[in-house]
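What follows is a pair of complexes built around chain A, which joins chain B in one and chain C in the other.
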Partner chain A sequence: MENKKAIPVTVLTGFLGSGKTTLLNRILSENHGKKIAVIENEFGEVGVDNELVIGADEEIFEMNNGCICCTVRGDLIRILDQLMKRKDKLDYIIVETTGMANPAPVAQTFWVDDDIKESYSLDAIVTIVDAKHVWQHIDDSSECKEQIAFADVILLNKTDLVTEDELNKLEKRIKSMNSQAKIHRSKDAIIDLSNILNINAFDLDAKVELNPEFLIEEVPFEWCGIFDFENKEYQLKTSEDPDPSIDIVFVAMKENTESEITKAKKAAIKIFSETYKEVKNDKFLNSNRTLNRLLIEDKEQVFYFKPNKKGCYAVFTQHGPDEFNMVFEMSGENINAQKPLIGIKKHIIPTSIENLKMINPNQVNPIKAIEYAHSHEHDNTVTSVGIEDDSALSIQKVNEWISYLLQNRGTDIFRMKGIMHIDGNDERFVFQGVHMLFDGKADRKWKPDERRRNQIIFIGKNLNREELLSGFKKCIVKKQLNFA
Partner chain B sequence: MNFFKNEFDPDNKEITKKVKQWVKTYFGLPDSGCVILVSELKCADEGCPDIETVISVLMQPEIKVYKIGKPLMYVRVHDIEEISKQYLLYNN
Partner chain C sequence: MIDHLQINKTAESQNEYELWRTQLNDYIIGIGWNFTNEYVVVASSCGILTCFIADNYFNQFEVKAHQNGLMCLAVSPIENKAVTTGQDGLIKLWDIQSGELLKEIQSENVWVEQAIWSPDGKYFATASGSIVTIFNSNGDEIQEFEEHESTVSGIAWHQNSKSFASACYGGVRLFELKQDEPIEFLEWKNSMHSLSWSPDGKFIGCGTQDSRVHFFPLPYNDGSDFEMNGYRGKVKILDWTNDSNYFLTNCWDEMVVWKFAGIAPQGQVPITLSGHMGKITQAKFQNKNSFLVSGDELGLVLFYDVEIGKEFITGIKLRNSVSKICWSNDDSLLAIGTSHGELIIMESPA
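Let's look at the complex of A and B:
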């Protein structure tokens, strides 16, 4: 992986008809002056007269019975072994997979043996998506999900067949599955080749870069309301929740601006991973930066809170307020706050500001409401989980945690990647992983003015955000409270 | 200096070369038409050693996989001699 003389390899995946062959032909016919070998399964489809188009027959073999993490491509190994003898004459290799291929065995082939690692460097996994027809597969096909989840680059092809809105919707869906992949749009697979070749996605010597928005798609709450609270006592009323508890966090803000909301959101993501404080009916909850767990009974309940100071607050709730009939009211004798909640309609707090109506004159409504996508952390949908935190980590604990993940979650974690801030070391620790294969090392020194931090991304299925966060937190040796 | 004791990707290049040579010798493999892979697996299955060495021999048309129940750095020539008996028994 780290050998500079190694030949870069791009793995090209995508369903049949997505445009893989068109892209391959484009790459081979472009005047780049490079000698490119193409290893393809659907042999004969590449139309360019090129002596280095090699047929492969997808000979998958397992090194450990039934474990996808230990599965590699025998045919590729044989071909790569042959190509080693002529590697001075080659500049680049492209491996095209079949439409129904799982990219894991192909990627793992490049990690499995020292000789292969020395001779070849996996550059990136590029997945081509048919922007019009992918919806037929994206919900049901595990291969389609895996191809998207494994990708470093996703090319949304055939953009001329869909509207801008449809493209945006597709892009959003893809980002929810793989927040790290760079997404490009193309018609007839026309794309600047520098976007798909020689991008060093797997090279730990290259600058490891994580998409700074990688936390955005995965949040542990479903709703946020921005409120203007007085320095007075308030009541939070609930009823009829199917869950025995609801988590709620208040974050004080300087003002109601987008940047302050983003800051509050980041803080809330961290607070939601901390130890909760149980709050029973008729008790006070903490109105700033505490994870309150409201214990919900099968009746109307009232919880109290009093903001420390007058001002703007972001209130984050685990579920939408309509699910547990949440309503805020001001306490006080002259306010009709004792109105029974029985029979109260759902959607008491409007989930969007456009529908805001005062149902109860004592009710305090948000000045802004934001809905977040429901978390899919417990189903088998492919998702990304990002962790960002400034705390220094114990290298010994990190070893134990990663070893545990590789052995016990290796099948479900398709890719992991990140930068870690190791306690007592002036160098960043960077790592990459594909299923149970892992490569990590000390990188450059942290710069004097650089914020030392951990940025980790997991992409896979059945990812449990709480479990991953809990494992991460056990590695922390110095807890720093600021999360920004 | 690399401060990180990288337990996930130890530098086994020298021992890998040696093991490949032993496999070639004891299995009686030809100079060409055959690929030997040497890998380490962390097996999560109950009863398996924490780390196993896996040797894959890719001949045409088949692939043979052998496991040695210890990390690669502890593999010795007699371990290869032992697994070669299975290979020779099957191929003779």
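Let's look at the complex of A and C:
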């Protein structure tokens, strides 16, 4: 009987000059005792004298009528097939792609081709990013975006060429595109190989755990202010109109603590996906748990609100308040008037508490301000959309939803993965997909004390969060009340 | 010449037809018989080329032919010569009586994946990347064809030895020696990973990436090509009987044989040969008859008579996946190699 253990394959992507070759040389020369073959498209780059460095001409072909998921790498199929023809199997394969390569055909090769599927397992897509020069490509190059979006692991290399602030900014930008990738920093591609090899990112049998913070980086609002409001009337003023409207949600909190803010944020995510209520100039908005859509014109506008009770409120706004010159003021008598700090700029709510530099006597400032990453809804850039919810799902509805997504959104969804809580099933349902290819199965049992929940992440372009969320919600089993 | 080494014959032959068996270094990737059926030449994927005297299991020579993996072995049908190609980018011409290297040619690409002699033995063709090169039997380059848009996945000679076909992504090209351009391009937008030309010259069949067999009838008219589909897995085995009446294909653990007899078999029910428990890895008709042998990934070797449509002797069980099968030119002997280097020489049970 043949040994059927699949050989793991890591796909290494990254622009020319990002450090792929340095990393490959490091992998090949490190004393790990493993027989590793490298298939590279830019042959001759790897300096290590190694008979298992194989040059390949990238041959991308479509198997069926231009269907994107059937686009595979013919050269890989041939080479991997040939590499199986040895008594002692290889321990590991690394496929290096050209700087301008889209990783999808490489990944899809391991899903589509039966022979390859049988003998090899795609371990992970690792993308090396030149921390200094990536900014030249990150906004304009679809290949650069795709390489980041497809990655399971991102190595921010050449960190010595940039400042800590620049690195943090880059990391934030990358997380807004791909919230699931594990990000490591390196200089000269020095990285513990256990961080990039044998990750099991595509293995449904491996422990499937999504990054629990994936929602933090992808929310439908950009700003949250924590306010202490009285049970009195307030005004919300705007004087700029970069967009025709801005959505705003108030969530009452018991107290100003981190756990209460987290709760409020989760509530706000849900409320932001609900039907909005339009509010025109000079009208009242709802100050608790309602999605208010303020209609903005290019003039100073006033909206009113009156909290139901005195206390702590989290106010979530779709965009940063400075974009609309948004300011909260007490109506009527100035009760909580504060002394101006430095009157540089009028009528601007500080976007973070550290930047508190101004004041107008009637203005009510937040006691805490939080900025969130831009959600980039409805635009053509690459983003992640995460869904987290405890509701039990109907397997039939999930099938319908996923089928719809694969058929209609498969081109734009680069990758998806997740864990689902299926109604009536004691096992977790785990799944993942690349474009229109999907693989899912029942995983381990939920533990007795474990919170049964759904965690789903989509990474791709033109992602419409509302549509994805609405599709998800239709899968939720409606519990019927039984009367004895 | 390397010293003669005696190969141990197993204490007990596995079946009444077995002559001898031996253990080689690595995956057996190629086997060929010389034109007199005196020598059997065996290539291991680790790069070693070995030649045995078939009837007394003496090692004629053993040589490290390629530094990296050996990819292809082709033995001349008229002379004691063999060609090997490797992952080192080399094409080597050998004297298989002495083990002497007659010629070494460096190809432009790294891997040389194909080598095949013309039926008359005057030429051999190699494919490396997208280039097909024709050499005479002395290893002198005659012609080079660079027409292909991707790596050539198969070469097949016409029986007249004057023309050949090459397959790559997008279709099949027909070439005639001494003409620089292909005489015909049989276009089909798919990846062709295997290629076979019927001995009567009337059909070219290709295994495609989407688990079908695509046929081009010759002479070709636009739209006259047809396909066989419904296969489980890619069709890598394509073989014709010498009279072109039967066409053999693999379908996971079964073999599907189409009856052609000069006409396309659309609408016919093929002959299905079962008995294997694992995926079939090798299958070959005899050179002159419709008997065939097949081997699978579990090491089971079975024999069939297509005319009867079933097995005609009990099969043989080997320890590892069958990696190569080759009948001697006169069909009297059979060599079987495995993925772990086991080599079995047996008399034909047919």
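Following the convention adopted for this analysis, the second predicted complex is superposed on the first by the 360 of 484 C-alpha atoms of A that agree within 3 Å, B and C clash if a C-alpha of one lies under 4 Å from a C-alpha of the other, contacts with A are read in each partner's own complex, and residues count from 1 in each chain.
Assume a residue touches a chain if its C-beta (ideal position, glycine included) is under 8 Å from a C-beta of that chain, and two chains touch if they have at least 3 such contacts.
Model, not experiment: these values are computed from the prediction.
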Superposed partners chain B and chain C on chain A - clash or fit: clash
First (chain B), second (chain C), both or neither touched by A:86: second
Touching partner for A:403 - first (chain B), second (chain C), both, neither: first
Which superposed partner A:395 touches (first chain B, second chain C, both, neither): first
Chain C versus chain B, contacts on chain A by residue: B
First (chain B), second (chain C), both or neither touched by A:422: first
Contacts of A:54 with chain B and chain C, given as first, second, both or neither: second
Which of chain B and chain C A:439 touches, first, second, both or neither: first
Touching partner for A:77 - first (chain B), second (chain C), both, neither: both
Clash-bearing segment of chain C, relative to chain B, as chosen among 188-196, 278-286, 296-304 or 332-340: 188-196
Common interface positions of chain A, toward chain B and toward chain C: 59, 61-64, 70, 72, 74, 77-78, 113-115
Touch list for chain A against partner chain B, complex: 59, 61-64, 70, 72, 74, 77-78, 81, 112-115, 118, 395, 399, 402-403, 406-408, 410, 422, 425, 427, 429, 436, 438-442
In the complex with chain A, residue positions of chain C that touch it: 25-27, 29, 45-46, 67-69, 71, 87, 109-111, 113, 129-130, 150-151, 153, 169, 189-191, 193, 209-211, 233-234, 297-298, 320-321, 323, 339-341
Contact footprint of chain C on chain A as seen in their complex: 1-2, 43, 51, 54-55, 57, 59, 61-64, 70, 72, 74-75, 77-79, 82, 85-88, 113-115
Of chain B, residues touching chain A in the complex: 1-9, 12-13, 16-17, 20, 35, 37-39, 41-45, 54, 56, 58, 60, 63, 65
